[in-house]
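Before I ask anything, let me first share the structure, which is written out below as structure tokens.
Going in written order, the chains are labelled A, B, C, D and E, and every chain counts its residues from 1.
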């Protein structure tokens, strides 16, 4: 089992422990807590008011654009890290390349900003 | 070595069943969350292939950002009447036909690909710092795609902003 | 000097382009541009004549274009014949252009007139200096085009435009023959170059049959252009064009092109079967006498001269037919000058009298002194009276005919000579002598009369150059290389006979028209029946031919519409139904398209797999 | 035995972190009390209410746990786990000293950033599954916020990665002869602000703020399930705080005391900072919050990357000029920001 | 060592599931999700080949990185278009959107 694998083995182990621990807590709580179901308790909590019309609301497309900009800068981060580790020995050329990369994406951000998409209602 | 094999079997089982669930389920939100699970398991498979950087990137982009976008898109299109998801028919009329096509496709691919003999390196050497090696290769010989990717993303961003802006 | 011969041809082209591009603004000044170009051309051609004096021949050529294996050359072949023709063409063209300043004054499209004339001169000159048949053929076509343009100069007149059309189509028929001859020649010799063809023909590698065919086809072209018997109908109608045009094109140069062609390819005619020359001589003689007879009956001054030209051309063809190469060329040169003079004279008469019908004119000698006297000189010369040039060249032809032994042709030519003298002097007496019909006829302005005077000199004296008095200098000069001309003793018998014929003609016309003794009408009417032969017969045959072809084409049209269109529409219909059926396929349901895509991909994969891997 | 080792380590770590959390809760009650000039919990367990957090946990254990009628049963139950498990996995990657650490991942930093995007999903799952219109709305507002602060977090860390040319946390700490906070003040500041937003704490706990929208996405949750969310949050705090210590404060470097001690001194220092900022800084308006995230933190993080990159490549001894230029720009930026936000 | 064939078969099955999803799902967003599945199937194959056949140069891995990045952009645009269609036609079901009908 070379080094790489054990790392993953540990991560899986931690995940399993986390899951088991959480399950343990819940099952213990299940045993201890009372279980009296009443109609009113099961309704959606509307700060005391009766829950009216479905739980579905309509949002403006603004949310979606935020997610997209997040995605694009996520990709940028994904590319920044390897670059960060290696750009020293490639000198100025890789510096310029990354600045172009960041510049283009910054352009996108500025465009979004100017179009007023980044305002949150 | 059965550890890796065992892990592979488990992961592929989860991935395939997850994918099937996405394709079969009536409840769209379930499909999206199952998508999240499948993508994380695929990241685990990349881990199995010693590609740490790719695993992290897969989790970061697919599990994180793409799921977020899909969830937002689902919200905006009210394509899900109730959380329990009953009611709306989920498949179009060519269900049977597409199943056959898919099965046919699978048969063809497996028939063609599996008997092929590949020049497999026996011991897959583990590169010490996967990320550093990866970074070196990308920024040495694959700079052009790197720059093109930024342009593609910019195009996507501007496109979406133009498309999504007209409404309000 | 000879290597600059191409400049002579290029300068009129430049003039044409200058005038063309400044058509509206140049107006009258176009004349001076054209005249300058042709004048320079004349001086140069005189220089070329001087260099060629010793009988030397200059040939220059460069490759014009290479198409695959075939390389087309363009170049010059300056020999005595070409040099003489250069001088003739440039002088006549120059004088006609000067004359036109007066005659065409006040014309709307004067600049276009001069553009067309200089283009014509350029193409005629390039025809003359051509060193291969292809270049000759191209200039031949250009010349035909210019004649069409100039005949149809007043295209508003229906008759002018239809006359131009008729001229173009009829010469076109001739040209087809010429083209076929060219093709046949090229197929056998793979070259157009004169000297190369001459060597091949001399080497005898071509069969007599093909040579005869080529010769006859060339003669067909020449007959079209020089208005020989079946294809002569267009020349009288070509008189619709302005008179200077008739003078230049339909008297001196273009019509001579046919003769020039036959002269240039004379070695083919000689090498061919003797029948070829017989045909040429026969048609030439027949055309001569036919045209002469019709000329007698004409009342329009220009028509008379037109028929006289046809008859004189018949004379030249007959001369060539009997082997009189030098005689024909000599007659061609002299005829060019006095016929041009006659036409210009006629022009100034029309200009002055305002009518073309000779019977409305009379006694013009007193009114138009210069025109009258120059016209007299030209008439005497064409009739063939001793000291003048017409006599010598016609006598030359008659001796050649006698020497070659075809006495029938000799007899026909003598009768034609008599008739020529008769109708020319009929024309002269009716127009210039007798009572003055309209008082206000006036002499033409100086710009018209001076060219007449200048032309009168060669018309009168050029004949001496070729006459025995000067030792037949001219004939020796333009004789074919190698065929040295034995200085024949002047054949007094022939001279006497021709003069007798001429005097008889003059006397007879004097009796009829000079003194109006006998009522001219009875005699003329009897001859008019001949005119029937010309107009109705030939035109009728052409019209019948057309009717037949029309019938055939109608039949074909009907066949085409019903059968061929039927097929096409049928196919269209079938495709239509198919497309309607298939269009139902794209039902707008995207996933069905995706399904088809995947299935197609599978099939492709399987196919590729089996093809490549197995 | 080797097979079971990771499980034991994991369990030990989880328990250790839990005990710390108990201490945190207590410290937080006391500090927020003290700051508001009151005593905070005094009664439970006599001396200064030390047992108050334990009481809370017991309370959660036996409070009734309701699943609403029209909730999506499966997703409702899974949501807390989706939030909790990734954070526990992150613990595997965090080293405490160059000798005391679980495993040395060579992409530790990237691993942590990737896993931190799961909290977003757990919120959305919780919000959507509870079938309550307001919880869904709360979930999305929280999610939007979370997204817009994950980026500056990632970019700030990129600055540090560039300095240390390795993604492994141990490598970063060993490289930190001069603490990164000196070389990367802008990065540190961005990281701290983004961390607080990530953890939904202090000025940015808008989504779960009581006064705003009840409990945001977890309005329908109750009992232990709700506690699970809190637990996930605390583990997140543990992870990010230790990241802050490792990346910017030189990890276990320190003059006299052993490495581990230095680590925890800095760690609790960060915790105190967070506790104080929670009670002292007023809550931020949602749109201001988004503006801060997108229009100030993100650009400044990018600027930080640009400066560090150019200086590293062009200037041979880049430490001093880098620190100076960063401070200058920081002060200028702060001054500018004050005028913008006013 | 997990033999390469296993990876191929697993990604082939995943790809087929993706195809079925694309062909059979009514909701456009789920069609997009199945496209994502197909994308990942391809990426798995690439990674497997990169790890097994060209471990030194890791070409497959680099391809996957760029594929993931461009795939993300692609799904961004795809969802935006679906939103647009939804705004236009109040429905996201693929079979109801048949503007291409003849």
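By definition in this document, a residue touches a chain if its C-beta (ideal position, glycine included) is under 8 Å from a C-beta of that chain, and two chains touch if they have at least 3 such contacts.
All figures in this text were calculated on a predicted structure; none of them were measured in a lab.
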item	value
Chains in simultaneous contact with chain D and chain E	A, B
Of B-C and A-E, pair with higher C-beta contact tally	B-C
Maximum centroid distance from chain C, chain identifier (CA atoms)	D
Innermost chain, taking as reference the mean of every protein Cα atom displayed	E
Gap in Å, rounded to a whole number, between the CA centres of chain C and chain B	89
Length of the line joining the C-alpha centres of chain C and chain E, rounded to whole Å	83
Length of the line joining the C-alpha centres of chain B and chain E, rounded to whole Å	6
Between chain B and chain D, centroid-to-centroid distance (C-alpha), Å	28
Residues of chain D engaged with two or more neighbouring chains	70, 105, 107, 110, 113, 131, 136, 140, 147, 150, 165-167
Residue list for chain E, restricted to those that touch at least two other chains	19, 23-24, 65, 69, 72-73, 76, 79-80, 83, 94-95
Junction residues of chain A - those touching two or more other chains	7, 9, 54-56, 59, 61, 63-64, 66-72, 74-75, 77-79, 81, 84-87
Chains touching one another, given as label pairs in label order	A-B, A-D, A-E, B-C, B-D, B-E, C-E
Chain D contact footprint on chain A (complex, rising order)	6-7, 9-11, 13-19, 21-22, 25-26, 28-30, 32-37, 41-47, 51, 54-57, 59, 63, 66-67, 69-70, 73-74, 77-78, 80-81, 84-88, 91-92, 95, 98-99, 102, 106, 109, 113, 118-121
Interfacial residue positions of chain C with respect to chain B in the complex	589, 591-592, 595, 598-599, 601-602, 605-606, 609, 613
Residues on chain A engaged by chain E in the complex (per definition of touch)	61, 64, 68, 71-72, 74-75, 78-79
Touch list for chain B against partner chain C, complex	92, 94, 97-98, 101-102, 104-105, 108-109, 112
Touch list for chain B against partner chain D, complex	27, 29-30, 33, 36, 52-53, 56-57, 59-60, 63-65, 67-68, 71-72, 75, 82-84, 128-132
